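Letters are used for the chains, namely A, B, C and D, taken in the order the chains are written, and counting of residues starts over at 1 for each.
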């Protein structure tokens, strides 16, 4: 593992002087190494970013930030990564790209300073996902401190916004709001239906592993509370609802060339997340009453067309289980019409910490820096 | 535990001669002991029946049947019950009441012989749940061998059919088709809405522990396959759908005095069960688009009215988790209208092996024999 | 469940005036109800005490204490018990018997006041387990504040100290130090060998469910940390070691009539506990190098003799699993000599929250008050 | 993932004619691709081999064998690998190296034919682990059909037998008996102590995830049986005991230059494996009574010396958890003397399917073919 091992000595070697300037850095990467910093490296998403980036052939870790840490070995936060020899600091790293994995509201406050240094900002948190600034007080209970950056931010789901992301890489301020875990699974599962204007009534019933709730010690996340139990939570108020509505509505508008009437069903999403006794994985079960009768052949064509060239979305023949994507950046989707009732069921699975967080962030990095999207993400799922 | 301990010697003491005849036995139980046999005692439901009946102050176990067994200690099937000293035999016990817990189609074939001996038959399996004989070839792929008994059978959900069950106890042939686990959770969760004609579009997204799948060794039920994974199964074809549609339709008709038009939404149920990595418990998440706008006060009144006097249905203030009912015969239900979208969400939890199988069977026994319904079922849930 | 339901109004009815005085209360219980209070009712052991005592035919709950609580519904701490209608208060209940389930050092500070009111004190915590006051600073890092009470305290493992417990019930100050969960499993598993002087070298390798660690939110008890992992903890320093050494040594001395030389091996226990991904249950795997060659027949005789009349210790023919005792007060033990190596292996399982905590406390209550030991503890294990 | 994707067309391209002959192939691999076949690819170890080999830059999969399969997509056995497009056949692949992952006795029967074709044989099963042919009838209940190959086989634990493995690569018949999962963890954990003659009495108490038991559907491996339970199994008779005794004895002899008396303790191992409710991972807790008093400094020196240059053995400062190595080829070991008792505790963890099976097999392949041992095994553990 020595090839990938970064020493603590090397962590702060990255300087802006070695870069050709951020814009060029992001677009004309010949064989150059991309320096990357992680702000908020002590959480689960931060740990996954480290794991994935250490296997990325073009990335050099320029620094790992953790609140109130001063040269603390990574083993304190991530014992499984102790062999890396990395350390965590409270300094914000200087790098070509900065990943922020922080509680909501924190990255928004740091963003201006980060982009001013020429770094591309890829926020794993929610601070740059919602286009309408009014959605932040509404769903997240804070006023967005950087609405001008928000206006430039791109929703970082490559399968839907690849071109916008590439365009953002050319800008002075590159800000990517990476999707939430539930929206990633849900939007990829429903986008073909949304674009076709087929979603009438919609209930998204999602099941998640516990790691999505983070690693703050909370009583209801204790093993003894979660094990042998299932419950719904965030009922009617889960913040990811806003993202789903934003994106599904936009897909509907794209599909119908802007005619909102063509796709009235996606105005609101009936989203219900559940906590189940597992660590990783999300299954989004999407119950759709279609706007008109559909055939299976039609559905098959829609999904094949949508994802034919996507390396990380697999349209599968059998209902997917979260175990089929564990540890990988894959999303598997499956869609069927019930011949008895005419309703449509669409299922999608991801690993919430990979395609739902760190893996998608690396995929977005690859888009911004002109690399093949699969770079560093080639690992197959691990099972059983 | 000696008080409850049955010895193998005592297992076959029960004879018809000691009974006053089945009809009287079921209706005028002064302090008399009810003799009970279990056919198919080696499965999970059978084991739970033994566990519960050993704590039932009015029941004497008259015999435990298992295929191809001859005086085999119960420890072979249920090591946790080895202290009972019970044995399992291939003889069908003679008793006041016989519980059958068998693969579909088997109890139907035995039923005539059992009721001919004067025993009340309580089938934990599906053979007497569906009123329309045509539903058996349609959903279960067999022709019902005893349609005349099926015509007399009562759907054994006491909260909905208590009076019919009591009436059945007076008949010569008493046959109770005990509800499936998913239908129990779903119907109790939705009955107040169904009776009020409020269910428009309906998606029932259910999550179950693995014990509901029985204990036949199947590759996809292995620990390594189920653990750290969630998947949907039985998509569009799960047999419990038929029960839900039968009962919800009937509740709708009751509520609207027979006018089917008043409640068109429940014609079909979009039912999707999931297997999650836990052993016991079902959560039914019922996504309802109401037939008209409703207020929370209206919903609260409907549920309070429906379940005020029910000892085993608790209308709760917080969203229920399956852990809240583990090991008990309780069902917890919760219903809310989403003020943002106007949709209604109803949640219900049970322990699939207790209220979803063995506990409900004991509750039904209590109804048939005129005992307080809670007899032998007073145990509180066990947590964590 | 109404029979057992205590209303909040009734919680404080118990007064000393209604008692005949503590000594008589504990020894001449005709059919009288025993009033019981729980101090520290919000933890897992407290919840189990409530669950078990509500099924105890001779007990009335006189009050539930929780720090900084004022008439708070029990559902806040124990949602599964919400149907009881009980409340939690910060007052110390007055009652015939007080169970304390508190962090170490706290019950010791309260004990004098509790026994001064004539209540029998049954401490589920460790404050009265160790006979030598010097063991408290050594193992628990506090000086015992009530050494005179400690001197009168009895180690509350009925299978070993039943007579001493009965004698304690006659005293003015009745104090029972209930055993820890690991010691319960280990001592019951090894006592027959210890008494026979057979334990030479001893390694106790124990595996515990997570509930034994309590419900304080700690990062390393989060589901995502515990799931899919096993680790040893408390290495060389686990406080339960002191109890095991105290009791095994005493058993050895009993067996050899005080000759310490006869049983040198139990001077120290090589105790290693592990945290495994389950909620309840302890398996103690005891690796013994015997002091002399033994035969299986000799071992069988020792165990049969030791536990023939014990309702809660079952000497089993097959290696026990923790699932075999889940939710019950049973301990299962199994002991074999390896014909190849001559070593002896003894295995024991309990439910750490029942026989390892709350159930054993109720068993001790029954001993003190002259009731059959199984009263209120008749429930069979629940499986799967 | 296209770079790694093998098509079914390419699967049988490998022919002996393209090889330079087995001996040279194994020793002078310039940049040449190694063709590899897997016999028994449908089990868990087989699936892991595929996952790892697809990430191996120098390996080409020449064929996957499964009994009674004829061009069956890999998704039937390993849904998580469906994106590979691989198929499984009943033909034995021709390749530079053949991995066999089969029930005991099967690979031994095939071995002669495989090596006759010039393939190196790496058996993941037990057929070539034990040097003494008499151990096969004794522990495995079959007579070894190829004792002459067994005589040439090397025990494939690179950390102990790297040089012998390299020598075997030069032979006409190259046969590697890859270690079992428990022995891998145990031997690596204890080798430094064994070589130093420090192991007096020894109890190895091991805990394993369920995947080690394979994927044959057995009742006691069902989720509902394993979940929330722990049990010992294979008591006194587990076949891996033979390997541990063989290797620890040999290490002792090496350390003492052949004097058996110097290290009498390791003559027999008191080995006790446990099944715990997780999928992957083994923790070996090794309780050692040392042959003489030792200091921690001495132990630290022994372990540092033994594993200083080993890429896959990490001597750690804190007690290891299996989660720290999940999905990786790492083994973590930790060793301490108890200052109170003088006993020594050594702990070791591995992922049973990686370092305990497929990963170790790939490491052995790298040794045989002169590649850096970490090739294809650089992935860090995945957590949480």
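Quick note on the criterion: a contact is a pair of C-beta atoms (placed from the backbone, for glycine too) under 8 Å apart; a residue touches a chain by one contact, two chains touch by 3 or more.
The structure presented is a predicted model; accordingly, all values stated were derived computationally and were not measured.
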Intersection of the contact lists for chain B and chain C: A, D
Farthest chain relative to chain C (centres taken as mean CA coordinates): A
Which of A-C and C-D has more C-beta pairs touching across its chains: C-D
Gap in Å, rounded to a whole number, between the CA centres of chain C and chain A: 48
Computed distance of Cα centres, chain D from chain C, in Å: 42
Multi-partner residues of chain D (at least 2 other chains): 44, 209, 211, 215, 224-225, 227-228, 277-280, 321, 323, 326, 384
Complex contacts: residues of chain C adjacent to chain B: 1-4, 44, 47, 51, 54-55, 75, 78-84, 211, 215, 227-228, 279-280, 311, 314, 316, 318, 321, 323-328, 330, 374, 378-384
List of chain B residues in touch with chain A within their complex: 201, 203, 205, 207, 209, 224-225, 227-233, 235-236, 268, 270, 272, 274, 276-281, 283, 285, 287, 289, 319-323, 326, 336, 338-341, 343, 345, 347, 384
List of chain D residues in touch with chain B within their complex: 44, 209-211, 215, 217-219, 221-228, 277-279
